[in-house]
Amino acid sequence: MTEQEVVQIRPTADQYAWTFGGAAPIARVRPGSVLEVFTEDCFAGRVRTKDDLVSQVCQFPFLNPQSGPFHIEGAEPGDTLAVHFVSITPARDWGASTTVPLFGALTSTHLTATLQDPLPERVWIWQLDRQAGLCRFAAVDSDATVDLPMDPMHGTVGVAPANLEVRSALVPDAFGGNMDTPEMRAGVTCYLGVNVEGALFSLGDGHARQGEGETCGVAVETAMDSVVIVDLIKGRTTPWPRLETDEYLMSAGSARPLEDAFRIAQHDLVQWVAADCGLTQLDAYQLVTQAVESPLANVCDTNYTSVAKIRKSYLPGWRSRYDAHQRLRAQAGDYLSRR
Amino acid sequence: MTEQEVVQIRPTADQYAWTFGGAAPIARVRPGSVLEVFTEDCFAGRVRTKDDLVSQVCQFPFLNPQSGPFHIEGAEPGDTLAVHFVSITPARDWGASTTVPLFGALTSTHLTATLQDPLPERVWIWQLDRQAGLCRFAAVDSDATVDLPMDPMHGTVGVAPANLEVRSALVPDAFGGNMDTPEMRAGVTCYLGVNVEGALFSLGDGHARQGEGETCGVAVETAMDSVVIVDLIKGRTTPWPRLETDEYLMSAGSARPLEDAFRIAQHDLVQWVAADCGLTQLDAYQLVTQAVESPLANVCDTNYTSVAKIRKSYLPGWRSRYDAHQRLRAQAGDYLSRR
Amino acid sequence: MTEQEVVQIRPTADQYAWTFGGAAPIARVRPGSVLEVFTEDCFAGRVRTKDDLVSQVCQFPFLNPQSGPFHIEGAEPGDTLAVHFVSITPARDWGASTTVPLFGALTSTHLTATLQDPLPERVWIWQLDRQAGLCRFAAVDSDATVDLPMDPMHGTVGVAPANLEVRSALVPDAFGGNMDTPEMRAGVTCYLGVNVEGALFSLGDGHARQGEGETCGVAVETAMDSVVIVDLIKGRTTPWPRLETDEYLMSAGSARPLEDAFRIAQHDLVQWVAADCGLTQLDAYQLVTQAVESPLANVCDTNYTSVAKIRKSYLPGWRSRYDAHQRLRAQAGDYLSRR
Amino acid sequence: MTEQEVVQIRPTADQYAWTFGGAAPIARVRPGSVLEVFTEDCFAGRVRTKDDLVSQVCQFPFLNPQSGPFHIEGAEPGDTLAVHFVSITPARDWGASTTVPLFGALTSTHLTATLQDPLPERVWIWQLDRQAGLCRFAAVDSDATVDLPMDPMHGTVGVAPANLEVRSALVPDAFGGNMDTPEMRAGVTCYLGVNVEGALFSLGDGHARQGEGETCGVAVETAMDSVVIVDLIKGRTTPWPRLETDEYLMSAGSARPLEDAFRIAQHDLVQWVAADCGLTQLDAYQLVTQAVESPLANVCDTNYTSVAKIRKSYLPGWRSRYDAHQRLRAQAGDYLSRR
């Protein structure tokens, strides 16, 4: 293995991007590079106490600051970007979650418009014990507390969209973006179809942990020190974001209504399984039907995101068309052993 | 512990019910009774070979035959029925799955109407190795095979609906019914609100295993020999079906579009957690947001079903308002030890 | 023309039906009969003043009382019932509308569940000037008033459902029911597929007028003196409710989400136009696309209802397969001239 | 009245914009200017015969070419742009409509993904008789023909989006865009909230006529010679596109699922009526419920569009907060009389 190129990025306040597409790259990196990236939390670090209400301290659309975009050398439309998450580590010993007026799944919103009053605005500060791997919930209306396992992840991982578009960093879609899936943890390789030259990859929106669906719209938000390896798979298209771990293949569909997000993810997983296993579409449909796990990612963002995941051990004759995860996994091990 | 009342039910072909509500009870049982029930598969046993196409051998609405209904003595509107699944065992060494024209998530349907042709109709016969706990997928268009773990469950568990209604056994709703969640396995206690005198509980639609979402609309369908304990919780209402295991609390919402099913399940779990833990609604909203798992159940039936589940160990000060699962679990152990 | 059979029905308080299906017929009538029917308002007449809040004076599910069901002699599954509305006349000089907690399009509901408080409960009493054909809106929070044209219609028109089901009178579906379309006015012939012997037709839920979508969930509700002719078209199926006027053909689809209701109505109209005009499905698809009007009916009920309507004058070579509307129109003229 | 500034625009092939936002203005115009604009059809003029299949002659995303954008001098975020349609005249004596694979309401799509084959691809060429005001449907699979009234409109009318976004010209949203409502005809004033300096207004996608919902996804597409007056209302925000005619106020909501588009439009109309009539929100809710017309615009685009319209004559004490339509109407009369 050749010497790894390691790029360290800690954006200054004015360097963050607020969109996928439409922002100038902050760095050009070669495929195979290791990125050591600091990401700010979704509030741009402005919610620090129980009194920092989002409606008062944050200014739309300056949410979900993106570290990036990175121009990946040689990336062209028709290629696939592979992003391997080596590590995701909270950069602070606390995280914040909130209600946001007219945002979340159990409230009316600007799109699901009703004449009712918004829910009250609240802030929960979660203490993060990074040694023990715990994050502590403390109720705001009583003394109740409980420790939950930390499970760090990135809410946003994406590239520039197709069709000349520029999308807010709050949007998940075929280009990735604000998918908010807890599956985006260390050990995962995320595949994203390249839509523009250089791909223009960015990430952000770290969560110390998040439930499936991100019901109130906000996870345990915190800054992250993350390490990712970016690689390029030439000449292979990827219609919707895909994830691979040692155990699982996963597709992530984003749309509204939620059944369309489900359909996209399942449809893509059926195609993926059919292609990698040499099954017909109908046989893959049957196998996926009986074997799939279908955890929701978010049911609060501009598009909802549904994940379809299947164990590799359930796939007869599986052979990866990407042929990237094992290699990146090894490179990650190499990186970690040198650190 | 007193002597358990054990009721054995193996319906004759003309004894099955095809609806929730509207059918005369086949037995009256006392709360606390153990039911040893045979359930026929969703096809009423008519799909046995690759040539038994549903459109030819089945006759709508004679699908999802229900074993029951059982009149539970003393059950009245305002009570909750607790159904504990002691064991669910395939009664045959094979199961069947199929495509059904204009049914399933990755096809247009009678409700999501398009002008396209239906998908081709296929039958997959799965061999069940009950000793090894495996079910074998065999592709129909190639020689590929793979073994998946058996994970027996019931697709339909329900009571008579409210509001004078009678619903097809293919429908999931607030009364339970065709929820098709893989969580309905042995070890689970299912809570259902009672809508009519006697509750009129029934079950059916056994699956040797099923992926989350039941994507093609049909699981690995098989007849079951199941044992359930039915118990009654007087004076406690349950708005939507709830499940409890040793580790988890779960709510199941059924509606369209899928985000409404999600909202119902999450909303109900928030209320449940708030009540059992003495948290305010907003604190429970925050805790559930970060702790919930949200696997889909079905995205193919008349209503879609979404499950919200939370680990009991994540609940500060949790104390069950039902106070039934541990007792039923003990009773099940007693039953099993005597068998 | 033979002597018309005229049946007069004014149900007593305990004679109303609250479901489609599941209720014993209150009369048997021959095809071609004229029914002079009184229908009570959706509140069963209990909302009479601004202080009669629905949550206090009404008891779920005793809403939308149905006059009927009528057993139509000779009606069998596979036939179509034709119901021609001769006249619909408010039986009182006032109507009532209200907000209902957690019901309506611009509020969360039991299905679109949120943690917000319900909207305030209000009653608006509308004065009906039947001579002038006007109904008067009077604001409750100011002195503003305005007169709108009266446009009497029936919210519920339906038969017993298929598949052994019994549905609440609040539900619209393939059997008709609570479609809440303003198109259901005098002069219309409504076609409904027969699902059970005798069809078991009923109607109710009169509105002095209603906007398209019934946004707050409640129209200008009033009792009606209505005259309908019921006729039978043997051996012709009708998959979803269809309406015919002198000028228009219309299909009504009911489902959730709303796009599925739209798809059903448009799909059915495409099939209807293709069959009656001898066009291929694709040619009918093109013609309907350019010619259709698509007013919403309700976006508040258990299912939402979307109407697709096309002018007969836009249909090349149109010839009615039902061959009923003109005949019923003539019979209505005959009836009116004798009255 | 001062001399009108008249700007004539006929873009060259490389001058069209394919997005809302993100394109450099082709002209700067002063508020009150008359724009005489040529717009190319949605296919960029590439579908001319029955053999010009969209999948072969068009290249995504080069659809819906926009004439514009126009920088409106003085327009700033927080203002409202008023666009008055003086005339919309087909520039050719034919229009084209087509099926497009996996696009339209009665087919699965890339978002409503199924495993079925796409519908066959067809082209219908409509002859336009501009003198008689007729467009002629000719079936492709038979000899059937029929004349429908011409009713020219623009499918796309919009400004640059908020939140730093750039959206495809195929998207309708709060910035307007591809709403595809037949209400966008001559005589209408369209109000659009300004999101960026200069507003960056553009229009295109002319239809000789279109049914409500644009069921197959494509109207009778044709190039247009259109005249619009653009004006600026300083310091008034407009959350969603609004339309005003001599008779009606209308709001247009765009979202998925379709009920959310409905909610947005109705919610906005309730707010508009409440503000202009001095009614409380609940009184306006009641009045809109009984008076509104709710025609669908499109149920095929990236977002669906629903229109809520109410007669001005039904509005007690109505007084326009925009105070623009009558003035623009007069200016249009003045322009037409000089031509």
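Worth a mention:
In this document, chain identifiers A, B, C and D correspond to the written order of the chains, with residue numbering beginning at 1 in each.
Simple rule for what comes next: a contact is a pair of C-beta atoms (placed from the backbone, for glycine too) under 8 Å apart; a residue touches a chain by one contact, two chains touch by 3 or more.
Not measured: the values here are computed from a predicted model.
On a Cα centroid basis, the chain most remote from subunit A in this structure is C.
Interface comparison, C-D versus B-D: the higher count of C-beta contacts falls to C-D. If each chain is reduced to the centroid of its CA atoms, subunit C and subunit D end up 33 Å from each other. Measuring from the averaged C-alpha position of subunit A to that of subunit D gives a distance of 35 Å.
Centre to centre, using the average C-alpha position, subunit B and subunit D are separated by 48 Å. Residues of subunit B found to touch two or more other chains are 106, 112-115, 119, 256-257, 263, 267, 270, 282, 285. Here subunit B touches subunit A in the complex through residues 97, 99, 105-106, 119-120, 122, 124, 126, 135, 137, 139-142, 144-146, 148, 209-216, 218-220, 256-259, 262-263, 266-267, 270, 277-280, 282-283, 285-296, 299, 304, 306, 308, 314-317, going by the rule given at the top.
Against subunit C, the residues of subunit B that register as touching in their complex are 18-19, 21-22, 60-61, 110-115, 162-168, 253, 255-257, 260, 263-264, 267-268, 270, 281-282, 285. The touching residues of subunit C, counted against subunit A in their complex, run 106-108, 112-119, 257.
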